[in-house]
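Both of the next two complexes hold subunit A, though its partner changes from subunit B to subunit C.
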Partner chain A sequence: MSMTALLAAPDRVVPRTVTLRVFRWSPGERERSQTYEVAAGADSTVLDALVEIQRRQDPTLAFRYACRVGMCGSCAMVVNGRERWACRTRLVTLGDAVDVRPLYHFPLLRDLVVDMAPFVARMQAVGAALVPAPGAPGYAQVPGDGAERRGIDPAIECIGCGMCVSACTMVAHNPRFPGPAALNRAFTLQLDPRDAGRDDRWRALTSDDALWRCHGQGNCTAVCPMGLAPTTSIARLRRMATRRLFGLA
Partner chain B sequence: MATTQYETHEHDVIIIGAGGAGLRAAVEAAAQGVSVGLICKSLLGKAHTVMAEGGIAAAMGNVYPEDNWRVHFRDTMRGGKMLNNWRMAQIHAQESPERVLELERWGALFDRTKDGRILQRDFGGHRYARLAHVGDRTGLEMIRTLQYHAIHQTIDVYMECTITRLLKDGERVCGAFGYWRNTGKFVVFKAKAIVLATGGMGKCWKFCTNSWEGTGDGVTLALDAGAELIDMECYQFHPTGMVWPVSVRGILVTEGVRGDGGTLKNSKGERFMFKYIPEFFKAETADTEAEADRWYEDKKNNRRTPDLLPRDEVARAINSEVKAGRGSPHGGVFLDIASRRPADYIRKRLPSMCHQFKELADVDITKEPMEVGPTAHYMNGGVRVDADTAGTAVPGLFAAGEVAGGLHGANRLGGNSLSDLVVFGRRAGLYAALYVKNLGGTVTVDAGQLEACAREALAPLERPGGENPYAIQTELQETMQALVGIIRTESELREAVVRIEQYKQRLQKVGVTGGREYNPGWHTALDLYALLTVSEAVARAALDRKESRGGHTRDDHPKPDPKLGAVNVVVRRRQGEMATALEAIPAMPADLKGLFEEKK
Partner chain C sequence: MTTGTEPPKVLRREWASVEGWRDTKAGMWAWLVQRVAAILLLVVIALHLMNPFVRPVQAVLLALALLHALLGVRALLLDVGVPLRWSTPMFAGAIVVAVALFALVWTWRWY
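On to the complex of A and B.
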């Protein structure tokens, strides 16, 4: 099957040629950018183009993906200057020249692949697991439209893609800052009535390097592919922390 | 000692795979106080479990108090066309409610009934609404809960590490050999027990629902280590995958769409499923549209819609409609929920589906029907295990989740996979830890085995002018799609075996360039061995089952054969060659048998 046939839906517009400028780097080499041309149909995504390059033009091009469909958060990268998920970004939205580079603020491993271990470490640092209260019942009766649930719901869909960390200027400035994803996770737990680990988490959150460091620029919220608002979660955590400081919570 | 030549980690138990089963096994083993290493090919949290949508089956009886483990057991066995390991089906039905509640104790929050209890949804083959869920993103909630819980236990996590071989000390396992994906350097894990939780093999077909990880690694590791496989021929094709755009063809459309009121229609607008109700399910299936529609509201006085027959039945029906020229423009059929439910309801119940179709196909499923067709989805068979302990035929080797066979028989019911992961993941972790505690002495890793593993893995890099591994992968996927798909015949299966043999020869000559650091071409060259091994196992087992049952349909033997319904096709490696045998399924005890005679 031809490349064109692979990428284009059968009854859509004629494929056009898209030029991808891809960041390349391997340990011991100098970084460079390499240009590839790919035929793109109306529905082709950035991931389709990268897979096409890897399979037929350059099997050494390294990038991550797993689910192909926006569920796992593996294929985050910076496309035309902005963090995006490659699998859900259609080429037609990007113009004829597409610039692809790896996420910022993570150690680079090769080409578009970065080391995500710091992402897990940041989660651990704030205490990402719910701590069940001793003697708690098998499960809590939580009404679906209860206040806690309404508060948590918009924040629990994080797929751990790392785009918010890449977009956050404070992460670059202070390596001890937990970053938007971890703070957002902490927010869902600090509001969860079933959790008994709040005091420990507050200690981490109100340290010099956490909540108070956020400048509220909202870059994390702007790039989140799931539409979450870590900026809002952080702001609410700050209000809760302030009330707690004054003995109001 | 040769192990010093390679980076070496030592644990009591290593777990290969960090999806639902692997994470649950790791948590359980750690709780037993043994040292645990958790190894995964992807980043933590990206395993295929994250893509599970509809829910986790557990007879909690929150929506229908009549539900209990006996009904769930019976549904699972009937859905599996009685080929299941009945003891696994029993344990699964009995323990899944507790595993769901445990997930809540660790932070998961399932959707709720009006009075605040866990809500349960309808799915194919389940008599009562039984699937606990979080919208249509249940897998995400489950993996996130287990992952956050696990990283706060004493578990060493080794991310982006691929295991190529298990190591043996005499009869028993003693560790595993693999490579770091990012550096390409080799790594050795010394361990007294190993839990395989590596998932399935969807990537053998051209169109599948699986993430990139489904390359059959665990089945291959187990087979080569001396374990047995069962029911490999009963691979499940999910009836509803996306059929276009081409680049996402095969991606799952959750059964929850039908559970929540969606119906299948052909190009003439007919609800064709009424024509495909098999004798086996006639008594409990609605035979008019009116009754089917009433069933959604009143399940006591009406029979269930045929849109929710077990997956094998629905997949075959869609296949027949398309073949008869009544398919949709892109070669599927229509799945319509837009004309049957309000837009707000659809957005609330199926947010991922709305998003997925809007962004990828520009289809608004609250206004238009979807186009769907069968797609390779789930390995019903797998490594043969002991029902209670999840132990394989190899001492020290355990398997849980999709990689293990038996629970689902010839066809898995939707929702029974997530529950399988946590029920048997826990058991595998527990019994692996107990095995270690009872094991006297130490295990020794043999230097010669390590050298052989390293040589084998480096070979493609030493043939830079060799064939591109992607070419073989693509051809294999075409072959499996065309010859070992939903409908099979003897001549095509024989042709498939011949072609796979040729691909195995070509694999000896593949070459890659570009060094060892995160080199996808090299990774693919190494994955091919597993892809070819499991593909061959499916084709050979399919030749031996000369009947149609569950996920396995033979055009030349279209009916079930009661004699074959009493045996498993078992695959083993004998002196390097794959061998198959028909072996009797142990008889079911009288108390369980009795459950099939009662009306309820």
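On to the complex of A and C.
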């Protein structure tokens, strides 16, 4: 298609009207749904629409974003029932009516903004930080084509957006369950030869409310914007734990 | 006004709301169907033990057992390392195989 034709395409020139039903709540108030109408171009995103609303219609609307280009994950929210990052979700893919809600399973601060502190607490609960082993090789000395790296690589690059925690049904019912992101992070550490915290981490992972409580529904994997598969990491951790139980690892 | 001592407000997908079921994914349906089949099996097995010759009860028992077992095989395969991308096809496959086995057994039963 020529540039002239592209610019003349009707959906590029005439914005369509999209109705956003946005979750509103402030401490001490009742939750409600507020409707806004926004003119959306072909490439307008949910975040564009929220910014437009905040600037021109309702400056009291609270939401969180930072990079705007799908890197930081801070604009994670539930759009039409599914966890998505608002900056990478085009309105054209959602129809004329769009429901926008905050992430589930996090304490609400206001409107679409949630408190991410429990996300960090879940990470801490499974010891999701590297414990340097004495004399362990530095990062650059872990071979890129080594078995450890091949195992770990598909599970890194978590941006901590919290979408997997929001989508997880076990998190909904068991507040002690670490959740997909923390278990995924723990998996990468259990394979890391530089780490000396494995035994303590296994104690946390094999406790009553951790590894074995995952139902394997794959909701976390379905919504992960980075294409990670926490369900697979959890399954691998289970197999590792089973081998360890029988003295095979 | 908030008193500062209220528990934090946390949103959850409410099972009794339309929003709660919106975008329910295949993996969750698979889990849910298997659990519901397990509970129904307890009831149907009890009915079957009271009178094993009731045809409809036999049919429901067979259908539920097939469904529950085949979805269990799917879960087992995922546990032992079958890639997660096969999750949904295996769910569909379990349903298809359950229907096929039911039709086969029910058509060719010898009693």
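One rule holds in what follows: the second predicted complex is superposed on the first by the 233 of 249 C-alpha atoms of A that agree within 3 Å, B and C clash if a C-alpha of one lies under 4 Å from a C-alpha of the other, contacts with A are read in each partner's own complex, and residues count from 1 in each chain.
Here is the rule we use: a contact is a pair of C-beta atoms (placed from the backbone, for glycine too) under 8 Å apart; a residue touches a chain by one contact, two chains touch by 3 or more.
Nothing here was measured: the structure is a model prediction, and the numbers come from that model.
When both complexes are superposed on subunit A, subunit B and subunit C sit side by side without a clash. After overlaying the two complexes on the shared chain, residue contacts for A:61 are found with subunit B alone; subunit C is out of touch. The superposition of the two structures on chain A yields an angle of 170 degrees at the Cα centre of subunit A, opening toward subunit B and subunit C, reported in steps of 10. By the touch criterion defined above, A:27 lies against subunit B and subunit C together after alignment on the C-alpha atoms of chain A. Touched residues of subunit A were counted for both subunit B and subunit C, and B has more of them. Judged by the touch definition given at the top, the superposed model places A:132 against subunit B, while subunit C stays out of reach. By the document's definition of touching, of the two partners only subunit C reaches A:216; subunit B does not. Once the two complexes are overlaid on the shared chain, A:231 sits against subunit C while remaining clear of subunit B.
When the two complexes are overlaid on their common chain A, residue A:160 makes contact with subunit B while staying clear of subunit C. Once chain A of one complex is fitted onto chain A of the other, the partner contacts of A:70 are limited to subunit B, with no touch recorded for subunit C. After overlaying the two complexes on the shared chain, residue contacts for A:151 are found with neither subunit B nor subunit C. Once chain A of one complex is fitted onto chain A of the other, the partner contacts of A:115 extend to both subunit B and subunit C.
Think of it this way: put the two complexes on top of each other by chain A, and the tightest Cα contact between subunit B and subunit C is 10 Å. Within subunit A, the residues touching subunit B in one complex and subunit C in the other are 27, 115. Note for the complex: subunit A touches subunit C at residues 25, 27-28, 31, 80-82, 99, 101-108, 115, 169, 172, 215-219, 221-222, 229, 231-232, 235-236, 238-239. Subunit A contributes residues 6-11, 26-27, 41, 43-45, 47-48, 54-56, 59-74, 88, 90, 109-111, 113, 115-117, 120, 123-124, 127-130, 132, 136, 138-144, 146, 149, 152, 156-160, 185, 189, 192, 194-195 to its touches with subunit B in the complex.
Across the complex, subunit A is touched by residues 42-46, 48, 50-51, 101, 104-107, 109, 111-119, 137, 139-141, 144-145, 148-149, 151-152, 157, 159, 182, 211-213, 244-248, 251, 329-330, 352, 355-356, 359-362, 468-470, 474, 512-515, 517-521, 524 of subunit B. In the complex of the two chains, the subunit C residues touching subunit A come out as 1-2, 6, 8-13, 19, 22-23, 25-28, 30-31, 75, 78-81, 83-84, 87.
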